[in-house]
Every structure is written in C-alpha cells, then in structure tokens.
Amino acid sequence: MTPELKGFLILTVLKMLVVFTVVLVGVALLTLMERKVSAWMQNRRGPNRVGWAGLLQPAADGVKNIVKEETFPAEANQLLFILAPAISFIPALLLSGVIPWGAPVNVDFDWHLPLIGYASFHGPMSLAVADLPIGFLFVLAISSIGVYGIALAGWSSNSKYSLLGGLRSSAQMVSYEVAMGLSLIPVLLLAGNATFSEIIKAQQQGLWFVASLTLSFFIFMVSGFAETNRLPFDLPEAESELIAGYHTEYSAMKFSLFMIAEYANMITVSAMMATLFFGGWDIPGRWDENGSALAGLVTALVMFAKSFFFIFLFMWVRWSFPRFRYDQLMALGWKFLIPLALIYIVVICVAMWALGAAGIVHPKIQGLVLLGLNLVGIYIVFFLLDRGRLLSGSYRRQPAAEARG
Amino acid sequence: MSTRTVEMALATPGLDERGRPSRLPLSIGQPGDDDMGAEHMLVNIGPQHPATHGVLRLVLELEGETVKRCIPHIGYLHSGFEKLGEYRHYNQIVPLTDRTDYLSPMANNVCLALAAEKLMGIEITERCQVLRVIACEMSRIISHLVWLGTTGIDLGAFTPFLWSFYQRERIYNLQEAWTGARLTTSLTRIGGMMADVPDGWEAGLRDFTATFTRTLDEVDTMFTRNSIWCGRTQGVGVLTAEEAINFSLSGPMLRASGVDYDVRKDRPYLGYETYDFDVPVGEHGDIYDRYRVRLEEMYQSNRILEQALDRLARLKGAPLNTDDHRVILPPKGRAMSDMEAMIHHFKQVMEGIPAPAGEAYLGVENPKGELGYYFVADGTAKPVRWRIRPPSFINLACLPKLCEGALLSDVIAINASVDIVMGEIDR
Amino acid sequence: MGLTLPPDGEVTEVPAVSPNWLTTRLDFLVNWGRANSLWPMPFGTACCAIEFMATAAGRFDISRFGMERMSFSPRQADVLICAGRLPFKLAPIIRRVWDQMPQPKWAISMGACASTGGIFDTYAMVQGIDTIIPVDVYVPGCPPRPEGLMYGIMLLQKKIKGETMADPSLRQELLVNEQGFFVPPEKIDEISEPFGNSVHQTRSA
Amino acid sequence: MTAVAPALSPSVDALRAAFGSAVLRAAVSCGDSIVWVAADRAHEILAWLKNTPGQTFNYLTDVTAVDYRDPDRPLEVSYQLRSLSRKADLRVKIPLDKAQPLAVDSVVDLWRGADWLEREVFDMFGVTFTGHPDLRRILMWDTYAEGHPLRKDFPLRGNFTRAEQTRQALAANPEAHYSMEELSIADAFNELPEDMKRRLLDGQRGELR
C-alpha cells in the first residue's frame, strides 16, 4: 500500500466519522427542533424541562427507547420485521456520504503513524466522504432502496394499518422517484456532469440552477417532500388514518431507527436541494477557491445554512398544510409532475440548442436567458394551467357561492 | 374466480359441529366478478383510534382503499344517563347534562332547564333568557372550535387545533369565572340560573367577541382556499336535501345540505326571534359546505353574543331567577333566619320539585344539531323517563351512506365532518 | 401491584439488593430517560379527554415534559392515560391496549369516572379501571383541571425516578388466564375501601 | 310557555276521520299534541301522516319508548314527528301491553333516520320492530345477558354483581361484538344456509364461540 493510498484512506475514515456523527447528532437535534418549531408555530413552548431549553430531550428519548421492551407481533415475519428498520436506516446514512459539505481543502501531510506506517496526502481534499463521479445516480439508486424498508415493515408486521401504510408508501415512492429523476435531467444537461462537485462548479460559473432551472427545482422539492414522507405527503404514516402507518407495530429502538431514517433523509434531501439548485457551498464572490482550512470551514457553514433553511421549510410546511388523499397524491405525481418534468426536459434541450446556435456561450448570459424562460414557464404552469385545479383529483367545482343564507 | 375475503386480524374462522366454517365471508362475490374486485379487506377503526373522536368503532370493508361498506359500532361509552336520570330530581339531572355533550356543556344545561320549565309551566325572567342565550352561543363557539381543530388534525393539519384551543381556553376562563368549573358547568337551575355573572365578566366576554374572530380569519386563510383542503373536502360525503331530511339530520349537517332549518329560527326559544343573525346554508351537502357552515355559524354566534351583551347591560339589576317559590330556593339569608324559609329550603333540596303528570319535549339548536329533552312525569319529583334526543347519534346514523365508495382517507374526513361527540351518542 | 397480600403471619423476606455504584448510576440514567420521555397513549373516552386535549394545547402544554408525541399506537407508548369513563363494553379494549404496550409501562387514571366510576354508578360502567388494569397514579376531579393532570404526571415521574432495574417485580405482568385478567371479588373488597353513595357499598357488589 | 291555551293539533281530527277507531285517544300536554294509536295500524297511520298533503310530517325527530312505574300501565313507543314546511309537531304514541310480546312495525321504510333510533329502543326496552332491516343491539353488546336497561324492572346497577359484570366484560373477545353474520346479514341473508337463517330468525346471532 502506498503512503498516498494510506493517507487517502485515513482521511476518508475521518471524514466518514465526522459526517456520520454530525448527521446522527443532527437527527437528534432535528427531532428537538421539530418539536420546538411546531411549538413556536402553535403558541406553545416545546420541551424545556430536560437540560437547558430542553436540549437533552432527544437524549432522554434515546435512553428510554434503548431500554424499552422490543415487541414482536406474534404473526409477524420475524426476520423481515427486524431487517426493515435497518434497510430504511442504512440508505439514509449512505446518502450523506456523497454530498460535498464544503469547498475542497488543501491538505498536505506526511506522517509516520504506528501500525500504519507512512501515510501522506497532498493536494485538495473534497469535503465529501466520496465525491463519486456518478454521485448523482448513486443518490437516485440508494434513495430508492429506502422504500424497501418501509414496504417490508408494512408487510412483515402483519397488521392491516401497517400493510396499508406500506402499500401507500411503495406506490408513492415509486411514483415520485420517477418525477425526481426526471426533474434532475435538466441539471445534468446544464452541468454536463454527474459529480456533485462539478455541478457546483457549473453553478459557480453560471447562475445558481434555482434561477436557470426553477421549474426543475420546484418538481424536485415536491418530490423530495414525497420521498421523505413528510406532510403533506405523509400518507404512509398518516396518523389520523393509519395510527402510525408502517411502523404501527414497531416499538423501542426499531421504531427510533425509522425516525432517524426519516430525519436523515430530510437532511440529505435538503442538502441535495442546496447542492443541486443553490450552489452548494458556493458563496457568490469566488473567494473560496484558495483551499485554505478557513475557506473550507466557511463554505461548510454556508452549506449548512442553506440546508438548514430547507429543513426549516420541511417543518414549516408540515405544520401548516393538510394532507393529500391517496388518489390526489397519485394524480399529482403522474398527471402533473411527470408530464411537466418531461416537457421541461424538451424545453431545456431546445433552449440549449438554440443558445448554442445563437452563439451565446457565456454561462451567466445563458443562465439569464434560461431564467427568463423559466419565468414564462412558471407563469404558464402556475397561473394559467394549474391554480389548484390539478390537485383536486376527479372532482372540482367553482368556489361555492357564499354560504350565507 | 376468487371470492375470497381477506380477514387478517378479525377472526379465526370457527367450525360448527359438522365441520363447516360457521362464519361467512363478508361479501358474497357475484359470478363474473374479476379477481381483483372480489378481494376485500376488513379494517377495524377504533374504538381506540385518533380519528374517531372518542370510542366510535368503524368496521370498513375495503377494496383496495375504496370503502365498500362502513358499519359503525357504537355503545362503547354507554353510561346509562337516561336510567340514572330516572333516579334523580330534576335539578339533580343538570350535572348529568354536562357530561353528555361535553363539548358544549352550557347549552345542554340550558336545554334541560327549558324542558323542565316547559313541563312545569314556569316562566323565566328576561335577564335569565339573555344569560342563557349567552351560554348557548358561547357553547356553540367552543364546540365548533373543537370541531375545527380536530377536523384539521384528521385532515393532517395540526396547527389550527392549537389555535382553536387557545381561544377555547379563553372561554374556559369565562365559564370558570361564571360557574366555577371549566368544563362541567351545571349552569342552570329550573326557573333560573345557578349564579349571576360576576362583576366585570361582561367586559371579558366583550373582549373575547372582539378578538376571537381573528383566529377564525387565520383558519379561513389557511383552509378555505387551500387547494389540498378543497380537494379533500369538496364533493366528498355528499348528502342531498331530501336524504338529509329522511335521515332526520339536524344542525349544520342538515343546513349544509341546503335545508334552511334552524330551531332558533323555526321554533324560537329564549327569544331568539328578537336577535338579528343569519343562518348559513350550504348547497352541495359535502364536507366543504359543512366546514363553511360551521365557520360562518361561529361568526353569527359572535353577532348574537354582542347583541346579548347589549341587552345584558340594559337589564342590569333586573331579577335573574323566576319568582316562583315552588322551584326557586329562598335566599340563603332568609333560609338561615326564617323558619318557614328553612323548611322550604330543606324540603326542596331533599324532596325535589314535583312536576305535574304529563310530558314535554323541547328541542334546542345545539352546536351538533337539534338537542331534544323529553320528560315524562307522573307527579313525583323524579321523571319517569328522561329521554335525550341526541343530535350526533342521529347524524352519525347516515355515516354508512356517506362512506359508500369513498376512500379510506375520506372516511376519516367524513366522520370528522359529522361532528360527533361520543358522550352524547352513547349516553 | 398491591393485589397480592401475604397470608397472615407470614413474613416475606425482601431480598437484600446491594446497590453498588454502577447499578445506581445506570438506574439514574435509565429512570431519567424514562421519566422525561413519557409518551402518552391517550385512551380518551369522555369529558376528561377534552381536558386532556386542553393539557396538550397551548396554555398548559404537556410538551414541556417531552410528552407531546401522542402515541396512538400502543407499541410506542409508555404511559396509558385513561381519560374518561369506562363502560364494560370498553373494558376488554383497554385491557388489550394495555397488553399491547411494551414494558416499561405505567397507567394514569384521569378523573373520577376512571378511578371509581364517579357519578355513574350504573349497570354499564366499570367502577374504577383498577379492576381492569393496574394503575399508578389516580388524578381526582370531574374532570381534573390540566394542572391536576400535570401534577399527576409529575408524581409519576417521581415514582419512575425511584424505581430500580434490579427489582423485577416492578415489571411483572399480571396473570392472564384464558378468561382475561380477573381479580376475585373478595380480594377487591378486601383491599379497597367502601365507596359510592353508601358505606355498605363495595367495589364488587 | 305561552299564555295562550294550546289547542290540539288539527292533524288529530284528520287522523280520526281517516282511521276511526285506530286512533285511541288524543291529548295536549305542555303544549304538545299527543295521539295514541293502535299498534297494528301504526305503520299505516305514520305513512299516512308522512305522505298526505296537508300533513307532510316529513321529519322524524325522535323515536323512543316510555316504561311507566305503574307495572300495569302499557309501555309506550313514541314517535316525535315534525313537518319542516308547516312547522308543526305531533307525537304519536303506541301503547304496548307488557303481557304480550312487544312488537311494532318498523318505520325505516318511511324514514331512514329511524334505523338507529329503533335499534336503540329495541336494545333498551326490548321492543321488536318488525321489518327492521338490521335489528340488533346498538348500545349494549350483542351477548349482553342482563336484560333491557331502561325497563323499570331493571335495577340501576344491573342484574349481575359488579364482579360478574367485570368478569363477563373481560372474558368477552372484542371481536365477538360483531360477528361475520351480523356484518353480512343485511345483504347476504338470502345466500345463508338454511340452518343459519333459522338461527338468525330465532335471534341467536352473535353467539360467543
């Protein structure tokens, strides 16, 4: 093993430790944040008895769940029942490995370590655990594994509520996976690369993709909400209908794993939204290219802030909206988002070709042109076509005349 | 050709002596049914379920997520109110009425007092009437607030529940100041009230009426034009006017179907004919119209409250209780100093107020619908029969009809839109 | 659980549990977690359920204790709060919900009806849910004010903090034969005071 | 509450003209008009009241029954009718001799709202409503063995001891509260095997196994 490889491995392990720790601690804090945010929206206080301002609440929950009795329904398929939380938990963590959490940092070391020997590393180090050349496909592939966990949980519990939750979840995930994938194709077209860091570079050169691909961002965001099973798409665990949906029969730590997976998914999707459409760790002004540790830290903070905003958005939406009905959810996915994404791909392709033919090659100008195109598109989609009609499913009517008698 | 019924947790099929299954499959599939269509699942919702508003139990026969049949099972909160009432004096029944429809206790108290007064032929004073109107309309507001919040939860929106409970707490404060209890008010007595409102109470209620509609406006902003909300509620659980009448529905359920019937307008009591208010009537008979009707009713109740407060100010110092010594206890001071008054007090408390033989039915417009108390008396101080006409019991009876062909999520929404309270249904 | 009294004259030896430092620390940690993360299973039936909702709502806000996550699935619940009256028709349901809850579990009987039957001394009502499930904290009132319920919750927290994992009897499940959980009537009378409208009235008759 | 002495509803005279001796008597109590009719023609009379122009009692407010403290006095089933358009009320009462089997014709075919109300009267008083599509107990469970709670011969605390009540309640399988037969009785009755039909007609449904 060469010293370079050793250095690379050491750094990777370190990065893994840091990222996974941060994500898991983040998940714990997010559960608290969710409770605090909801309390804040609902004229309440939220947990504030344990630790300072309730900061230890997730710890108390965790301790309690670890020492709580694990129940196994008598008729459940024991193997799958145990496997299901793990299947939904692992992909959620894996996904956080490919997100670049900050600008590359120049690392330069040459160490002699006991047991390992010489290890050295020179050059820029990506702040993703693995900046895969197929990062993008990796995300799509792994995130669709998560649905197995939920579907298996629903099926193996041998409970009707769980079964319905699992079925709903499978249908929902499959449908929105398509929309999500399609919505990302314009990003690929524009970036010309599937690596996250390259996508960020493309946004640095041009505009952030939220400007040049606004509709894509919209589709991705909606699908992201659906993929994470968050309200208004939380049908698999619709509390008022299916008690707790697919995890009705789960107790203690197995149940916690589902919760951790949900919040980890939320972090990942938020980070992807930030990466793909809001320039990732990019700060306008381009001063972060020197690769210093300070730049890495600042960009990581910026990335964190962007993701945090989307996480907050998740919670904001959750505590504001009613839930979709199953057929409306399907209608939204198949009749609205997927056709829209397909049309949008065509539009972007044509626009790119036209830009190329017109000789406009400067990325910023290209982005501005696309922004104009998107504004037109938004107007058409939201103000001419939709106005809430497509969501109403099979039935719609004019707003009822004033109900006063 | 499969006519299999999926029964997973419901029952183990038993065998009779001859070894045949003693329990029949739920659906007898017709020859020619396609395989997919013939496979039904039986889902049991409740009695302990977040969306059944208590202990209602719904057995749903599902085909996929479509409800083929909905069979409500009630009685899980049957406490024997009517039987208990036969062992109580008329005034002792008042605390029981708190606990039937516990979402609007004061309106129930008022209904009981009115029915007993009708039975005994007692006139109440004008100030008492105004105070009872205030009690009824406060109850309507808090009951509808709970409805609004819980329906929001059932449809997935949690936040309005807490907003509406915040306003409910304000009414609780007023109730507590008036009656000493937050929920079980026992406000009325036959011929009058348990107590007059305390000093400064009107100002508190005025403050409430002036500000609480802000919450309604917020909810209105959140829901009324929300496309998810409209999609979930419009065209779901539709009942036409004829069906609604045939099902004996009452209250907002009936009015949302387009029947302009309100006990306050059509058979006025407590001088409701002299108040200026509108009765909102829907036209489609779906959940959305029920929502609109109830929301508007809260605004209208607010109007009534404001008018009643004006009258209350005019009637300051007027007598509260009727001057009928058969039913009204002598003042405490006299009972403590005057022998006759004390004997009278003692006899009235211990022996109760005898009602003349006869019977009386009186219906009032409760938040849930027409609440009717039906007394049969035989000349003693305890009723032979105390019958509650429970509006939500009768409204709920149309649930199987409303749920036909709906989706599972719709059943929850429909059930919420009926606005049931199990204490009243099961009694 | 209080339902098994030793026969007269027999002295039961309490096993001397020697609390060493590690187990007490562990007990402290575990009890701290359990006491501060009591997810309620709201078994709300009647009026008390409304007060329970008020407790969960803004002004009183049960979420401060980390209890705002209502587990409507008994599998994830820690404390069953029976809020409201319990008719006989519902008795097997609450027993089943209780059986479905994983250990450790506690029960709060909220309100007079759940604790004793309250004013409903009728043919339909269970006279106190402690004839059905073991109860840890009784909250009196008809209905109890939210403050009362919160006091009950805090009492339960105090009780939990005094438990030790070394005592398995705390987590013993009551015997359930094929007829379900059943306490003989004479036992009920023996350990309960006269109640109801008359001093001659007992729990069982 | 009004000072004007209330008069008997004009519907009573119309009923007397149409049905003669089937109208047993009529009275006014506290302003409500009450008419007693014979049980065997009750359904006919109620249908007439609902459908005849000029009567149009299209709204069934309530169905209930009264068991008097006097054991010789007949049990009365009471229908509270209302005409929404005319704003008129009428209470129709059917006296039932307690020595005979208590049975009345069901009015569910006239008012769907009578469905649960009649079931409740059946449950609480033991009055059988002939022709009711799904007559079974509604508030108490199907195997409830103590009797009909609102009858005067039923003690307030029930016929059994508390211990026995608790034991029975806990021994009950919650699923047994509704059996498959009950669920499918409404529309699958004709497909049932003969012996089961007979058992159901005898009222043996919902037995615990």
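Letters are used for the chains, namely A, B, C and D, taken in the order the chains are written, and counting of residues starts over at 1 for each.
Here is the rule we go by: contacts are C-beta pairs under 8 Å (C-beta built on N, C-alpha and C of every residue); 3 or more make two chains touch, one makes a residue touch a chain.
Just so you know, these numbers come straight off a predicted model, no measurement behind them.
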Chain nearest the overall C-alpha centroid of the shown protein atoms: B
Farthest-lying chain, centroid of Cα atoms versus that of subunit B: A
Subunit B and subunit D, separation of their C-alpha mean positions in angstrom: 23
Approximate Å spacing (C-alpha centroids) for the pair subunit A, subunit B: 45
Subunit A-subunit C separation of Cα centroids, rounded to whole Å: 42
Interface hub residues of subunit C, defined as touching at least two other chains: 57-58, 72, 89, 93, 122-124
Shared interface positions of subunit D, touching two or more other chains: 140-141, 149, 154, 156, 177
Residue numbers of subunit B (touch at least two other chains): 49-50, 75, 78, 80, 83-84, 162, 166, 426
Pairs of chains in contact (touch as defined earlier), listed by label: A-B, A-C, B-C, B-D, C-D
Complex contact set, residues of subunit C against subunit B: 43-47, 49-51, 53-54, 57-59, 70, 72, 84-85, 87, 89-90, 93-94, 97, 119-120, 122-125, 142-143, 145
Residues of subunit C that touch subunit D when the two form their complex: 88-89, 91-93, 95-96, 121-124, 126-127, 131-132, 179-182, 184-185, 188, 203-205
Residues of subunit D that touch subunit C when the two form their complex: 140-141, 146, 149, 154-159, 161-163, 165-174, 177
Subunit C contact footprint on subunit B (complex, rising order): 47-50, 54-55, 75-80, 83-84, 95-96, 98-99, 102-103, 146, 161-162, 165-166, 168-169, 172, 182-184, 422-423, 426
Subunit D residues touching subunit B - in the complex, by the definition given at the top: 1, 29-32, 34, 58-62, 64, 66-70, 78, 80, 84, 87, 89, 91, 111-117, 120, 124, 137-141, 149-150, 154, 156, 175, 177-181, 183-184, 188, 191-192, 196, 209
